[in-house]
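In the two complexes that follow, chain A is the common piece, with chain B as its partner first and chain C second.
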Partner chain A sequence: MDKEVISDKQGVSLVAMFIIGTYTILVSGLQAKKDLWLADILAIIIAVPLLWTFIRLHQKFYGKNLFDILEICFGKVIGKFMIILYVLFSFIFGSLLLREFGEFYVIVAAPETPMIVPMVFISFLSIWILKEGIEVMARWGEFFLPILIVLMVFIIFLLLGDMDIKNILPILYDGPKPVLQGALDSLTHPFSQTMVFTMILPKLKRKSSYRKVYFLGLIIGGVIVFAISTTNILVSGVTMVSRMYFPTYITVTRVNIGDFLKSVEILVAFIYLLGGFIKLNVCMLATCIGTSKIFNCNDYRFIVTPILFMLVNLSCLMFNSSIEFFDWIFNVWIYVARLFQIVLPVIIFIVASLKVRNTRAENCCEE
Partner chain B sequence: MAVLIVILIYSLAGFIEIFPMIKKKQKKRLILYSIFFIISFLISILLSIGIEIPSPAVFIKKIVVLLKK
Partner chain C sequence: MKSTKKIVLIILLFINALNFTSCWNYKEINEVAIVGGMALDKNKENGKYIMTVEIMLPEASDGLNMRPEIYTMEGNTLFDAIRNFIAETGVKLYWSHLRVVLLSQDVAKEGIVPTLDLFMRDAELRTDVWLLISKGKTAREILEEGTAKIHDTVSFHLHDMLKTEASISKYKGVQFWDFVKTLSEEGSSPFLPTVELVDKGKEKIPKICGVAVFKKGKMVGWLDGIETRALLFIRDEIKGGVIPVKNVEDFNTDITLEIFRNETKLKPELIGGKLIMNIDVITDVGIAEIDAAKDLLRGKGRKNVKKDAEALIEKQIEKVVKKVQREYKSDIFGFSGAICRTMPNVWKSIKGDWEDVFTELDIKVNVNVRIKWSALSSKPIKIGE
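Take a look at the complex of A and B:
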């Protein structure tokens, strides 16, 4: 396998587009109700130490991804078991993303179409870009991130007239506890989902590159996420946002500039397409790299097609209806995600730190 | 009708991908690829016929509900 190299800027745009990705569709942290903006800021602040553990894992084992780290830290048997768990995690995560894309297309754009049709098209594109490798994906992300940001700013600018500050006041009416719960939800989705990047990032140019990639990506993604959620609350109010399937999409339908600029929500669908595509590709890249690691192959490109076919199958058979899907995401997947994205990486980091310290002590004693 | 489309897509993908692997004689990759391919093919055929397959979502939900208590 050729050495794959991505530059800092490309890594930053990958992380930022990953975070923005599905937030244009599903707004998270609604337990905080009116104080969703406070919960978002809190989630970004709490995400900083969490991302710091990912960065330190990258820097301790320079050039290795999470699967190598798992085998080094936990030994052959438990390491393989944990690799299988993480592969299954990113596989199911990918199927949720694909299903979400299909749901959006069917509910919003083409209700008569069977859901498998947009899923198949997106997965064919995904197969293509995965076979080209992470370089192409990163360059794609670098190209589209400015477009995404400009479009988002444009939409928020158009919505400035419809914002009602009364939807946010009074601040902290329900007390701090819902804000904390909302911050935890907002941390789970989307900020700690960047944990998937530990599985795929190749060797970056310098050790300090990882810090730039993760933190700058978090800041850019976090600001846009904060802007989207605050705009949703300001324009539509909390009750409407919690009831809708796709809050941002419905909020943007309100844009009506002088009876001339009306159907702007197609831009939101476009932004979602870009971000969601990157998110799906990153997750499937993690799955493919993990699968090739389980069977001790050094190239992942040959296994892309069957895994993505299985992904389409899983997305179709996992849920029977949209209601079941959304209920499952908000009531079941949140806990699974917290385990794999927050708890396990911290445990892996602690084990890795102890391991590095032990080997250093052994080296000192031998001398 | 849907079954025919499924068979067509899978055989296309199979032809494009398997022949290079046979030529280069990469045994391990071929076996791995074939296992995943056949599993996914079977599930696709079952889905397109209309047979209901138990979904892992229910299974995971049971585990999470159990652990929450």
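Take a look at the complex of A and C:
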């Protein structure tokens, strides 16, 4: 497992695609209403120190992932317990992503197809790429990120004519409070979700690589997220966006160049598929690595297939309807996610800093 | 051992290939009925919706023709009616190509919102359909009795008329998403173009002119073509159109101006605690037609034309605002948005009783007509003596 190496560029594209992933169709931070773009910028700024804690964790324990760190910092018992928590977190996270994929496919394209069909297919692909390992995944990401960016720019370019600046004026109509709430939402989904990477990133070439991977990924992903949400608001207006499950998809239906170039919604679906696939795989990789860590196994590959089948089952059984699903995501999951993505990493970081200082004091000749 | 594995794999591949051939519910084009337009009425006796659709059947003669056919069905809700269609014809309607939706006056007066939800919710219906109000008794008469001249189908005919509104400006095509957006904004109310049947010889053709004014979700009245143009002047949605100026001062001739560019700015202003709406219109026009052999292009003539055109537009704008304020009390001009954008604090204090504020609102119209072109001729046709 130690042999796996990914370059900085590949790491950056993984993080960027992870951030863009589901945001293409699920726009968050809508409490900010017309000031969504402000909320996005704010969220990116807040995400910087948070990501810095992830980076420091990586650098302090060079070559170790979050599960190793948990065991070192919290000891065998509490450490194991926290590993189990994080495995469950990433597993449920993955099941939500898979479910979201199924929902999107069924609602938008094929209402009569059972939802399990697209889910099974995507999980087959997932099994394949997970067995190949993070290297293949990273190369996949490196290949598709430019395509994704080009498509996104293309779509926004087509929508330029439909934008109306009136949709975002006046700025800060309801004061700064909704903007802060929106920023917190945007931080939860998608920026702080990058903490899943602390569980899977292998040893990068240099210690400084981590900084590059996280921050450059954040910038690329952040700019695209900002572009998507601002385009949405400028074109459709805030009421339309907040009323839809998949606002970007509806916004893009407005593209109509001379009655000739229209119905390009499928590009949105394509972008979502690319990013969402990476996101799902990153989460499942974290689950598999964590599970093998719980049982002290060296390799995670033997466990991929059963876990993915469990995932499909969970995604199908967890909710009865799409209404329930979206309700749960927005009203329950968002708080759980904040705990695991923002609060716990900071605590782990503080504990780890104390721990490292102590061990340094004891035997300073190490390192 | 290895060969058995291979054989099993191949068999599995074949089974899969047969199972996953293509879409779950794939349909050939002759199995679906493509809907081009829909008209909605309400049956007064039992309160059910009467839905009339114009479906297009592809017909292969020389090239591809579209043969329109009209069907009518009833249902408690829209979707109920749509599905009742199957019981009569056996084919399922395909809605992605829907272009126009016609609503009868009754449906619009009762409140349009209940009929709109389906368009928003259903994935097959796109949000860029045109909405229209029928000025006649029912909405279905447009589809049933109207004959299209250029296209085979009335729906496409209407679609064309709405798409090329830019060079007439006597009506304004409103797409579904636009309507919903205006409806959901604080204070403002939407409007929709109206269509009626006009006798032309033996045939009846649908004609779009003017708009229906809504007060939030309910229709309250009409504006005619000229009033609609004034409305579009206020909303800064004029892209073209003509202004005939009658009896230019001192010259006693008619002249027709064509609008090339227009910019309207709504500037709300607080003067002594009283809200005043400044409507500044700057219009670039060209001279399209002069109905007399008099030279109006130079000197005093052009000044008079400018003055008269400005006075005309000003009068029309004032008239339409007065009319809407007095009769309909619904802000279709976008005044509320202008106030909200430029002075958010003032808007917060008045939005509670916006209706009263709106009806009492004073307007000040400044029109600046700039004559920029006179097309190809520099002088009118001269009659030799």
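Criterion: the second predicted complex is superposed on the first by the 361 of 367 C-alpha atoms of A that agree within 3 Å, B and C clash if a C-alpha of one lies under 4 Å from a C-alpha of the other, contacts with A are read in each partner's own complex, and residues count from 1 in each chain.
We adopt the following convention: a residue touches a chain if its C-beta (ideal position, glycine included) is under 8 Å from a C-beta of that chain, and two chains touch if they have at least 3 such contacts.
All figures in this text were calculated on a predicted structure; none of them were measured in a lab.
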*State whether A:254 touches chain B only (first), chain C only (second), both chains, or neither.*
second
*Determine, under the contact definition given at the top, whether A:313 touches first (chain B), second (chain C), both, or neither.*
first
_chain B versus chain C as contact partner of A:59, first or second or both or neither_ = neither
*Answer with first, second, both or neither: which of chain B and chain C does A:328 touch in the superposed model?*
first
*Touch check for A:358: first (chain B), second (chain C), both, or neither?*
neither
*Pick one for A:302: touches chain B only (first), chain C only (second), both, or neither.*
first
_Considering only the contact definition stated at the top, list the common interface residues of chain A for chain B and chain C._
none
*So in the complex, which bits of chain A are touching chain C?*
107-113, 117, 166, 169-170, 173, 236-237, 239-240, 243, 250, 253-254, 256
*chain A-touching residues of chain B, taken from the complex the two chains share*: 10, 13, 17, 21, 26, 28-29, 32-33, 36-37, 39-41, 43-44, 47, 53, 55-57, 60-61, 64, 67-68
*asked:* Can you tell me which positions in chain C touch chain A when the two form their complex?
replied: 23-25, 120, 123, 126-128, 177, 180-181, 184-185, 337, 340-342, 344
*Which positions of chain A touch chain B when the two form their complex?*
92, 295, 297, 302-303, 305-307, 309-310, 312-314, 316-320, 324, 328, 331-332, 335-336
